[in-house]
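Each in C-alpha cells, the structures are laid out below.
In what comes next, chain A is part of two complexes: it sits with chain B in the first one and with chain C in the second one.
And now, the complex of A and B:
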C-alpha cells in the first residue's frame, strides 16, 4: 500500500475523532438528555444524514456491491425501497414520536416502548431481542472492517480483523449521541463523494453506462433483467416484496435508527430532514449496487464479490483518492459499529441489568456491565468472523429482517393506533421475531419463494391487531397515554403540563446516570 | 434506455421517481408543521 493511501487513512481518522471530541465538548454531556439524545437539539440536515448513515452501514460497501456483482440489476430491488427509507421513517413516525417521547420522558427507544405500552415485560423482551440482534448486526460490521482493512493494508485477515476490532472498540468508548451524530454527518458526505467518485471512474473506464450494459449483455443478458443471473428469481414476487420492504418500511422497526427521531430539535424538523434524506439517498443508495454491476466487466476474475467496490476503487482511482475513499468506507463501517455496540451495551446495562437484575446498581456497575458486554460481543464477533465468516449480506438481511418484523408494528402503532395495547405489542414482537427467525433459519425462503421480511411483518401486524382488539377490556390503553397520543397527533406546541410530567417520568436508571453526569 | 430492457429501466428510474413524488406530497401535507413548536430553534 502506498504512503499516500496511509496518509489519507490516518488523516481521515484524526478528522473524525476531532469532530467527535468537539461535539462532546459542545455540550453533549451536560445532562442525561444531552448525553443520550444530544439535548434534543439536532437539526434537519444532521438528523437526515445520521439517520441515513446509521441505517446504511458497511452493508452498502460490501453486501450491496457483492449483490450487484453476483445478480446484476436484480440487486436494484433492494435499492428501490431503501431510497425512501429515511423519508418514509420521518414522514410516518418522525414528528409524532418526537413529541410523544418528550412528553413521556423517554430517552431510549426501548424505554419509549415500555412507556407507550406500560409493562416491564415489554422492556425485557424488547431489550433482550435488541441486544441479541444488534450484537449480530455488529458481527457484519466487524467482518466488513476486517476484510476492508486486509485489502487496504495488505496484511493478513486475522491481524486486520484484530486491528479493526481494536479501532472499533476505541471509537465506541468515545460515547455521546451528539458526537455520533456529527461524525455521521461528516462521514455521510465523504461516503457520498467517495462512492460517486468510484462510479464516475468506472463509467469513464467502460465508456459510459450504455456501453457497459451492452458489454454485460454479451457476457450474460440475464444480468440486465430484473430477475437475476440466469433468471434465478423469475416470478418470485414474494422475494421481491421482501427486498423492497426490508429497507423501506422495515427500517421503522430498527431501534438504533428510530432513536434519531427522539433527538430532533423540534417535531417539524422531520419535514426538512425528509427532504435532505431523500436527496442524499437518490444519489447514494443505488450507486454501490451499480458499481458492483460494473465490476463484472472491470474485475472478471474476482473471487469474493463482496470486495467488488474496494477492488474497483483500488484499480481505477489515483492513490490519494483511493486513500480518501478507503478511509471513508472504513470509517463508515466503524462508526456504525460503534453506534451498535454503544446501543447494545447501554440497553444491556440500563434496560436489562439495572431494570431487572440489580435495581440499585451504581453508575460504576452499569458502566462495567455495559463495557463488559461490549467487550464480550467484540470478542465473540472476532472469533466467529475469524473461524467461519458468513457473508456480510447474509448477516445484515437476517438481523434486519428479524428487527423489522419484531418492532415495526410496535413503533408505528405507538403513534397511529389508539387501540394498540400492551398484550398486542408484546405478542406482536414475539411472533414477528419468531416467524422471521424460523423462516430464515429453516431455509423456507427457497421452498416458499417468500422473503422472511414479508412473513415476519405480516404475522407481527396481524398479531398486533388481533390481540389488541381481543384484550381491549382486560388491558385498555391507559388514559394518560391516550391523551398524549392526541397531543402528539395535533399540530401545535406541547402543553406545559405534559412537559412538566416528563422529568418526573424519567426511569430510575436514567435519573441515576443524570445525577452522575451532573456530578461530573 | 441505456441499453436496458424496459422492465429494468422502470426499476432503475421508476422507484426514484415514485419517492420524489412521495416527497412532494409529504412536503405539501406537512406544510403547517412549523406550528408545532414556534418558540424553539432549529439548528442545522
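And now, the complex of A and C:
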C-alpha cells in the first residue's frame, strides 16, 4: 500500500472530523441540540443517506463482492431482494409500528415486543436471542474491518484486526464523530461515488460489460447463468427464494432496523426518506456484486474472494482515490459495528439487566453493563476472528436468517393481526430461531435445497397463527393493546382525508383525551 | 361555579376560528363545531448534559417534556409560554407523580443521547424541574366524528370512535 493511499485515507478522516466539528461549532452547540431534539433540522435526503450509511455493512464490501466472484450472476438474487427492502419495510411495518411503539412508550425494540405481547418471558427470550445474534453480526464487521485494515496499512492481519477492534471500541465508548447525521451523510455519498468509480474503472479496463461477459463465458459460461457456478443451484427455487427473502423481508425482523422505524420523524419525512433510500440502493446495492463478478477477470488468481472489491480498487484506481474509497469503506464498517454494539449493549442493560437483575439500576450502572458486554463481544469476536475466521458472507447470512425467522412474524403481526397473542409470539420466536439455526448448522440446505430463511420464516409464521388461535381463550390480547392497535391503524368513522394529515406525534395525547372524554 | 387556574401554557398559534378553517378546507366546505378546549399537562425539565467528544466534553442543555397522563418522555424544541386562565372542566390532570416523571425524563434524555450520538456513555445528565407546562387542544366535532387540533402546531389527530 502506497504512502499516497495512506495520506488520502488520513485526509479523509480529517475531513469527516472537520465536518463534525464545523456542525457542532456552527451557532455554538445549537446544531447539536437541534439534532438531539429529533432531527427536525435533518431533511429526508440526509435522513435517507444516514440510514443507508449505517445499514450497508462490511457485508456489502466483502460478502457481496466475494459472492459475485465465487458464483457469478447468481449473486444478484441477493441484490434483488435488497434493493426494495427499505420501501417494503416502510410500507409493511413503518408507520403503524412507529405510532404503536410511541403510544406504548417503548424505547427499545425488545421493550416494544414485551408491551405488545405482555410477558416477561417475551423480553427474556427476545433479548437473549438478539444479544447472541447481533454478536455474530458484530463478528462479521470485526473481520471485515481487520481484513480491510490489513490491506490498507500493509500490516499483518492479527495486528490489523486488533487495531480495527480497538478503533471500533473507542468509537462506541467515546463517540467517533461529533455530528453523526452530517458525517454519515458525507460517508454515504463517498461510499456511493467510490463503488461506482470502482465499477466504471473495472468496466473500462475490460472494454465494457458485453466484452466482460464474453470473456467470463470463455472461462466458465455457467457464471453468466442465474444458477451459479457449475449450475450448482439449478432449479433450487427454495434457495433462490431464501436469497431474495433474506434482505427483503428478513430485515423486518432485525431489532436494529425496527428501532429505526420506532425513531422515525414525521411520516411525510419518512416517506420521502424511503424514496431517496431506494434511489440510493438502486445504484449502490448491485454494484459490489457486479464488481465481484468482474474481478473474476481482473484478479484471476485471487486467494480470498471477499477481498475482491478492495483488490480491484487497489489495482485500478489512482492512489488518491483508492485512499478515499477505502477510508469510506472502513468508516462504513465501523459505523455499522458501532450501531450494532450500541444495540447489543442497550438491550443487555435495559432489557435484561434492568428488567430482570437490578430493577433499581442507575444510568451509570447500566452504562457499565453495556460497556462490559460490548467489551466481551469484542474480545470473543477478536478471538474467533483470529483463530478460525468464518466468511463475512456466511456470518451475515446465518445471523440474518435466524433473526428474521425469529422476529419477522412477531413484528409484522404486532401491528397487523389483532389475534396475535403472547403464547403465539413466544412460540413463534423459539420455533423460528430453532428451525433456522438447526437448518443452517446441520447443513440441511444442501440436502433439502431449501434456504434456512424460508424454512425459518414459514415455521415461525405457521406457529404464530396456530398457537395464537389455539390460545385465544386462555390468553386473549389485552384490551388496552387492542385499543392502541385501533388507534395506530386509525380505525373509526374518520374521513380518509383527515388520516392523511393526522399528526402521528399527537397519538398519545389523542388516546388520553379520548379516554378522558369517555369518562366524562 | 368551576374553579379557575392560572397555568403556564405553550403559546397558542391556532385559535378556534383558525382550527375550524383548517377543517373547513380539508372537508371541502363542510363545517365543524368547536366543542371545547382541553388543556393537557406535561412535566417540564431542563436537562444539562456533558457529551464526550474528541475535543473534550461539550455541555448541551435540552428541554425534556414528560406527558403527565401517558408518562411518555420526549426532548422538545424551544417554545414560548404564556399565562392562561383555565377552568377545571377544561383542564386535564396528570396521572403520574413528579418522581415518576423525573425517572422518565432521565431515561429519555440518556437514551436519546446514546441513540443519536451512537455511543455508550453516562452523559452526566442533570435535571432541573421547571414545573408543569400545558398545551391546549381544540376538540372539533364534524358529524359523528371528533378531531383534536393542536393549538401550538395546528397538527390534527382523529379521536377514537368510542370518544366520538
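Rule of thumb we're sticking to: the second predicted complex is superposed on the first by the 438 of 520 C-alpha atoms of A that agree within 3 Å, B and C clash if a C-alpha of one lies under 4 Å from a C-alpha of the other, contacts with A are read in each partner's own complex, and residues count from 1 in each chain.
Here is the rule we go by: contacts are C-beta pairs under 8 Å (C-beta built on N, C-alpha and C of every residue); 3 or more make two chains touch, one makes a residue touch a chain.
What you are looking at is a predicted structure, and each value in this text was computed from that prediction instead of being measured.
S.K.: Does chain B (first) or chain C (second) touch A:346, or do both, or does neither?
M.R.: In the superposed model, A:346 contacts chain C only, not chain B.
S.K.: In the superposed arrangement, does chain B or chain C reach more residues of chain A?
M.R.: Tallying touched residues of chain A, the top partner is C.
S.K.: With the two structures laid over each other on chain A, which partner does A:282 touch: chain B (first), chain C (second), both, or neither?
M.R.: first
S.K.: Let me test your reading of the model: by the given contact rule, A:224 touches which partner, first (chain B), second (chain C), both or neither?
M.R.: A:224: touches chain B, not chain C.
S.K.: Report for A:71: first if it touches chain B alone, second if chain C alone, otherwise both or neither.
M.R.: Neither: A:71 stays clear of chain B and chain C.
S.K.: With the two complexes superposed on chain A, say which partner A:95 touches: chain B (first), chain C (second), both, or neither.
M.R.: Once the two structures are laid over each other on A, A:95 reaches chain B alone.
S.K.: Determine, under the contact definition given at the top, whether A:209 touches first (chain B), second (chain C), both, or neither.
M.R.: Once the two structures are laid over each other on A, A:209 reaches chain B alone.
S.K.: Does chain B (first) or chain C (second) touch A:274, or do both, or does neither?
M.R.: In the superposition, A:274 touches chain B alone.
S.K.: Just checking: does A:374 make contact with chain B only, chain C only, both, or neither of them? Give me first, second, both or neither.
M.R.: The answer is second: A:374 touches chain C but not chain B.
S.K.: After the superposition on A, what does A:105 contact: first (chain B), second (chain C), both or neither?
M.R.: second
S.K.: Going by the contact definition given at the top, which residues of chain A touch chain B in one complex and chain C in the other?
M.R.: Shared contact residues on chain A: 491-494.
S.K.: State the interface residues of chain C toward chain A in the complex, per the touch definition above.
M.R.: Its residues touching chain A are 26-27, 38, 40, 51-55, 58-62, 67, 69-77, 92, 106-108, 110-123, 125, 135, 137, 139, 144-148, 150, 153, 155-164.
S.K.: Taking the complex as given, what residues does chain A use to touch chain B?
M.R.: Chain A reaches chain B through residues 41-46, 73, 76-77, 79-81, 83-84, 87-88, 91, 95, 99, 209-214, 217, 224-226, 265-272, 274-275, 278, 281-282, 286, 491-494.
S.K.: Could you please specify the touching residues of chain A with respect to chain C in the complex?
M.R.: So the residues of chain A in touch with chain C come to 17, 21, 24, 29, 32-33, 35-40, 102-103, 105, 107, 171-176, 178, 180, 259, 263, 335, 338-339, 341-342, 345-346, 363-364, 367, 370-371, 374, 483, 486-487, 490-495, 497-499, 501-503, 505-518.
S.K.: In the complex formed with chain A, which residues of chain B make contact?
M.R.: It is residues 2-5, 7-8, 11-12, 15-16, 18-20, 22-23, 26-27, 30, 32-44 of chain B that touch chain A.
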